[in-house]
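The structures come next, written out as structure tokens.
What follows is chain A paired twice: with chain B in the first complex and chain C in the second.
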Partner chain A sequence: MEIIQVLSYGILLGGLYSLLSSGLALIFGVLDIVNVAQGAFLVSGAFLTWQIWDLTGIEPILLIPVVALLWFGLGIIIYRTLFVRVAPQGPSMTVLLSFGLALIIEGALNLIFGNKFKSVQTSYSLQSYKLGEINFPAPQVIASLAAAVVLVLLYLYLMLSWAGRALRATAQNRDGAALIGISHRKISSFAYGLGMATAGAGGVLISVSYPIYPATHYEWISKLLGIIVLGGMGSIPGAIIGSMLLGIVEAAGNTYAPQWTILFFYGVIILSLLFKPEGLLGARSRKDSV
Partner chain B sequence: MNNSYKGLRKTALVAAVTALGLLITGCGIGSSKNSDPLVIGISLPLTGDFAQPGGAAKKGYEVWASLVNEDGGVLGQQVELNILDDASSAEQVVTDYNRLINQDKVPLILGTFSSLLNFPASTVAENNEMVLVAPAGGSPKIFEPMPKYYFFAQQATAPRQAEPFVNYILSLPESERPKTAAYATMDDPFAGPVIANMQALFEAAGIKTVYSKVYPPETTNFQPFASAIAKAKPEIIAQGAVFEDGVNLAKGLIQIGYSPKAMFQTSAPSNGAQYSDAIGLANTEGIFYAVSWSEKAPTPMNAEFVARYQKLFGAGLVPEEDAADAFAAAQVLQAAVEGTGGTDNPALADWLRANEVQTILGPLSWDEIGRPQGDFLLAQWQSGEVNIVAPDVAKTSNNLIFPKPAWTK
Partner chain C sequence: MKSLRFTKAKKIAVLFWAILILIPVLLPDSQYEQSLLIVCFLFAIMASGWNILSGLAGYVSLGHSVFLGVGMYTGAILGRETGVFTFYFAPIGMLTAMAFAFLLGSITLRTRSHAFVIITIAILLSVQLIVSNWVELTGGSNGIIFRSPSWARTAGNTPYYYMFLVVLVLTVALVRFIMNARLGAGFISIRDDESKAASIGINTTQYKVIAYCLSAAPYGLVGAIYSQYLGFINPTGSFSILISVYLVLAALVGGKGTLWGPVFGGFFIAFANEASTVFSGGISARVLIMGVVLVFTVMFVPQGLLVSVATMLRKRLAKDKTVEFINQAAIAERDAPLNLNNVKRAPSKAKADSSESILQVKGLYKSFGGVKAVNGVTMDIKRGSITGLIGPNGSGKTTLFNCITGTYGADSGIVIFNGTDITKMQPWTRAHMGMGRTFQITKLFKSMSVLDNLVAPLEKPSARNMLANKMQGEEVERAREILDFMGLSSFEKSNVSALSFGQQKLVEFAQILMLRPDIVMLDEPASGINPTLIERLSKAIKKLNDAGTTFLIVEHNIPLVLGLCDYIHVLSAGEIMVSGTPEEVRNNEAVIEAYLGPDTLLEGLDV
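Up next is the complex of A and B:
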């Protein structure tokens, strides 16, 4: 029975990680940008949710479309004003830029909200669902379900819309996509906006599950980077599989040997990279090909 | 005659200029002694993981400087704080204190926040023979190198923080005394020794350990811990927590519905509304923690500290314990400077080893390696507010809640 409990905790955790890491994978897949600021966008989305909830008492989950849309717009502005100028200088410069952005966001959150933890309290914050002897914490269940809904919508959009197809085409072959008339500049800012929208939606979800604090973005980004490296940089399905796997590893570690959980978490990533350096679902890239 | 007159005039002119020069220089010395500020160098984690306690400590130092300057300063000099941000980084804290001491040439320094940062800071202080009075940093590891210049400005070192709670539990009649305990602690130089010492004391008293785990600081998901602890059915749950981990374990236990007879956490419950907002005010009832300070304590300057804090940072705000600890650390340094009549750091260290200092935390004194010799206070959440329940001299409530009531969902 205990193993089922551990698996259920892991899957719930993995569900949340899936949405949080998908945006990071998307941005890398299309733009070749390791967006270190993704954790800060996530945490700032959580703070915005807390602020609106604190003022209005609205159910936070209902804010997913609002925060996601706002972050989408913000993402497009950030890409067009900052990344578009720095991206031609190479990946290391975009990493520096996104790290700088993360520090600025952390500082801004400190100034606006203070160095204090904020918690969103909902009617289900302290509840859990029971199935026999198995416990399912309500905030995690709701967050995972909401993450699944957002991911399905994202998948459908990427598969069925023209913009989604253009985005996938660019991710597969940037020059080929340009040859058939897909504007790299437009699709790049769209991809960055979409990645940020997932961070906004994810921010709403972490606000219902955890106390939030400006500096927690470091913890999130280190986990999310680990997940997309395991899944295969740029692969959204890979990010989802990586999330589930590492969610279960984390839950099992916390149950049986918490002191070693971090070692297990990153150990799995290192081991898998030894056998499959491109990640679970990553494609081997040839830099000599055009 | 003419020549001698000229000579006399020349001599008089030289004498006058010399006298004027001496007068000006003398005045300059005199005035610089009183008008030059006494700069105190401090590095604090104003960003990063420890930004919350770092920000609170900054407020505590600022309140102290405000009160001291209003009262004429230290040895007649106005105090100026030179505060740098170490971004919660052990590397940056070393850079900061080296810069403050060797580049900015500050005559005095005060400590940063957390054992994790004060440990490297203490090494810099020792190497430069500068007294470092630290508002936090009671980990036993800091005292292992036998420091001469490090002084921890709370009542006791980390391992002894658990003692008031242990003493209370062991004072219960045999029939009421819990028989089993579970321990979970962050792998942290302060929280870890608190819980390790508590476990050793309880085991020695016959209270059986049914769960004991150490977790890394990055841990955020505590439902697995809550499930494992509930399965072990301990009557006492003790957690070496910082904040988020304390909240998340409590929430996990509430969600599962397992409430022990007594629950003790380090640090997390001392965060006032941040703690009660996170787990629900009703669920704080009966939770114990050890604390260094209470806003209700009748210690010298405490009322002034609270009043000035509220004047500077907001009416009705209750100062954080971390702010009070920083204020007390500054009081300790002030007492040493005034006691020795200067800023000679080796003399300050000798003075602190030989004297007791009255602070808002109560009287503090230290042994040869800067370990404080007092006792922490035992606090408990009662009816939505915090009361000191031990020792008798510091009690703010005679009521003590045991066993802890069930959680409210």
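Up next is the complex of A and C:
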């Protein structure tokens, strides 16, 4: 029975991670940027949710569209003002730029909200659903379901809209896409905005299921980056598979050796790098040598 | 002029070290100043170490302070067990850090993906967790406390001051040594273009792991000293990500990839940090400020303050200089001598024989998704021949090149070179065996001069070769002679990106001659270059071929191919359509059709 309990926890975790890591994979896939600031975007989204909830008492899940849309706009502004200038210098500079952004956000959150853990209390915070002998904590179930809904919407958008097609085209062949009239600048800022929107939506979700604290963005980002390394950097399906796998590993760790959980987590990633360095669904690209 | 500037720079360096050595002697009451300088030294040491991996080799690490923590804990644990001071274990701290880097690097640096930067953060957090939880060994989150030395009351910080200073001097000496050695040229070539580096004999995996180990060494060394200096260590302090932030910032502000930039940056950030403490900035404000400085530096002075200022000064000085006129036509006419022993290996046991194969490709397949780029190619290149490989765009010529040189692994089939099956070998091994190739779009190392580009190839992968000074010895003489032969000697000191595309193609050709190749594979050597240079090029090819070097040439300039080659393979849709002498190929109907279309009248065409 314990196995099933562990598996179901793991899948719930994996569902949430899927949304959080897909934005990171999207940004990397289209822009070749390792967006280290994603964790900070996520945590700041959670703080915004907490602030609104604290003032109004609104059901936090309802804030998903608001925060996501806001973060989408912010992402476009950040890309157009900062990244567009640094992008030509290559990934080793953009990663430093986003590291700087993460520090600014961490410092600002610390100054605004103080060095204290915050958490959103809802009517279902302490509840759990029971199915036979298996326990499902309500906040995790709700967060995971909402993540799945957002992810499906994102997927449909990428598959069915013109912008989604343009994004996928750019990810596959940037120059080719530019030749057929896809403005690289526009699509890049759009991709960054979209990636940041998933962090906004994710921020709302982690505010109901985790205690939040500015410096936790380091833990988030290293988890999420680990997931996309496992899944294969620029691949969203890879990110989802990686999320599920690592969600289950984490749930197992939490059950059997709680103090070492993170180590199991990274252990799986290191192992995967040993045997499949390009990640589960990653392909070695052709652009390396012409 | 140059030697003058050199001595000036040397004078400044000597003055800098002299002042640092004399401060405690001249100012015995300077305990506070010394403690501040110790922090400067620490930051400068870390930034310089980081610079080896991230500045020179271009692999950014965001969790590099993990090696400081490893050094601190190595010293602390050994000190606790033996009852002596931790700094005695500094060398062991260094070895531990290097061993750890070797282990991590061997796993994470095998590919050229961005996974590395990601793993660096995860490693820092993981090690912090291990140290916190492994209570029996590390004391857990309570940390370890040391008794302070008896001299601490009277001598204060001064002994530590000198210990840190010694490590700083050693670190700067290490970076200087690396930058002057061919090893350092190898690191920079990886930063500039990794797949190209592999093709000229640089074992990129090995180099990256070496860079990682060397960059960890100063951390381990200083870590064991630092822990005694602090008197108390714990996991959150020793493995704080904030230290990584500081050191990255220091290297970046000063100027990554330079010798003195990170040292300057280390002092700069240490003073800035002290200032923000004095002016009562809390830790949050400090994180915010460091973030702003980082973003500002990346946006506006990506090369670092030291480099930007130096560039500005140099520009001001260069204003008065006149530009030298170079008579290119005269250079192209001139016939420079070439000692063939400098571009060829010692003759093999079997004398060059036109019926012997140097390169055999058997049943080679390579597809990308649904595209069968190379679809079952079998060919045989004779030793001493000039073989042409022609075919329409997209017919798989470059992919075939990439499979032969090992840039891609083939899906199936084998490649035999000089009698050895090389199908599974790495590109650098193939280069060491005498295979040299150029690229369709030149891949030179853009941050290097022409001469630096020529001495970058590693003909033999011996440790002595890697550690030798890149600008001394016979390699440089060879490089100069080859440049002269190519008519490029007047550009020796120019940065390659200042050269025209055609000149760059010749530089790339010259570069692979440094490998003393048995076979030279040229990918469209004549495209985009002017007739004078084409003339130069074909002269060089003929001369080398007369001496026995084999050529395999992909080219669209049909008159050139027909004039130069002994034998030609025509590739179409990934398969060899026709093979034969120039005469046979020129008259083959299928070839004419593939190139010119079926209905073209050919009577008047003189090809």
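Note that in this section the second predicted complex is superposed on the first by the 283 of 290 C-alpha atoms of A that agree within 3 Å, B and C clash if a C-alpha of one lies under 4 Å from a C-alpha of the other, contacts with A are read in each partner's own complex, and residues count from 1 in each chain.
Note that a residue touches a chain if its C-beta (ideal position, glycine included) is under 8 Å from a C-beta of that chain, and two chains touch if they have at least 3 such contacts.
Nothing here was measured: the structure is a model prediction, and the numbers come from that model.
Asks: Putting chain B and chain C on the same copy of chain A, do they fit or clash?
Replies: clash
Asks: On the A-aligned overlay, A:259 touches which partner chain: chain B = first, chain C = second, or both, or neither?
Replies: A:259: touches chain B and chain C.
Asks: Which of the two partners, first being chain B and second being chain C, lies in contact with A:219: first, second, both, or neither?
Replies: both
Asks: Mind telling me which of the two, chain B or chain C, contacts the most residues of chain A?
Replies: Per-residue touch count on chain A favours C.
Asks: Touch check for A:107: first (chain B), second (chain C), both, or neither?
Replies: Both partners.
Asks: Between chain B (first) and chain C (second), which does A:89 come into contact with in this model arrangement: first, second, both, or neither?
Replies: The answer is second: A:89 touches chain C but not chain B.
Asks: Looking at the overlay, what does A:97 touch: chain B (first), chain C (second), both, or neither?
Replies: Touch partner of A:97: chain C, not chain B.
Asks: Going by the contact rule set out at the top, does A:137 touch chain B (first), chain C (second), both, or neither?
Replies: first
Asks: Please work out whether A:185 is in contact with chain B alone, chain C alone, both, or neither, and reply first, second, both or neither.
Replies: neither
Asks: Looking at the overlay, does A:274 come into contact with chain B only (first), chain C only (second), both, or neither?
Replies: second
Asks: With the two structures laid over each other on chain A, which partner does A:119 touch: chain B (first), chain C (second), both, or neither?
Replies: first
Asks: Intersection of chain A residues contacting chain B with those contacting chain C?
Replies: Common interface on chain A, chain B vs chain C: 103, 106-107, 110, 115, 214, 218-219, 222, 259, 262.
Asks: What part of chain C is in contact with chain A in the complex they form?
Replies: Residue list for chain C touching chain A: 54, 58-60, 62, 107-108, 110-115, 117-119, 121-123, 125-126, 129-130, 133, 195, 241, 245, 248, 252, 283-295, 298-299, 302, 368, 398, 402, 407-408, 439-441, 443.
Asks: Can you name the residues of chain A that touch chain B in the complex?
Replies: Within the complex, chain A contacts chain B at residues 2, 5-6, 9, 13, 103, 106-107, 110, 114-119, 121, 125-128, 135, 137-138, 140, 210-211, 213-216, 218-219, 222, 250-252, 254-255, 258-259, 261-262.
Asks: Mind listing the chain B positions that touch chain A in their complex?
Replies: On the chain B side, the touching residues are 46-49, 51-52, 54-56, 88, 184, 187, 213-216, 218-225, 227-228, 231, 243-244, 247-248, 251-252, 254-257, 271, 274, 277-280, 283, 407, 409.
Asks: State the interface residues of chain A toward chain C in the complex, per the touch definition above.
Replies: 28, 34, 36, 82, 85-86, 89, 91-93, 95-97, 99-108, 110-111, 115, 214, 218-219, 221-222, 225-226, 228-229, 233, 259-260, 262-263, 266, 269-270, 273-274, 277-279, 282, 286, 288-290
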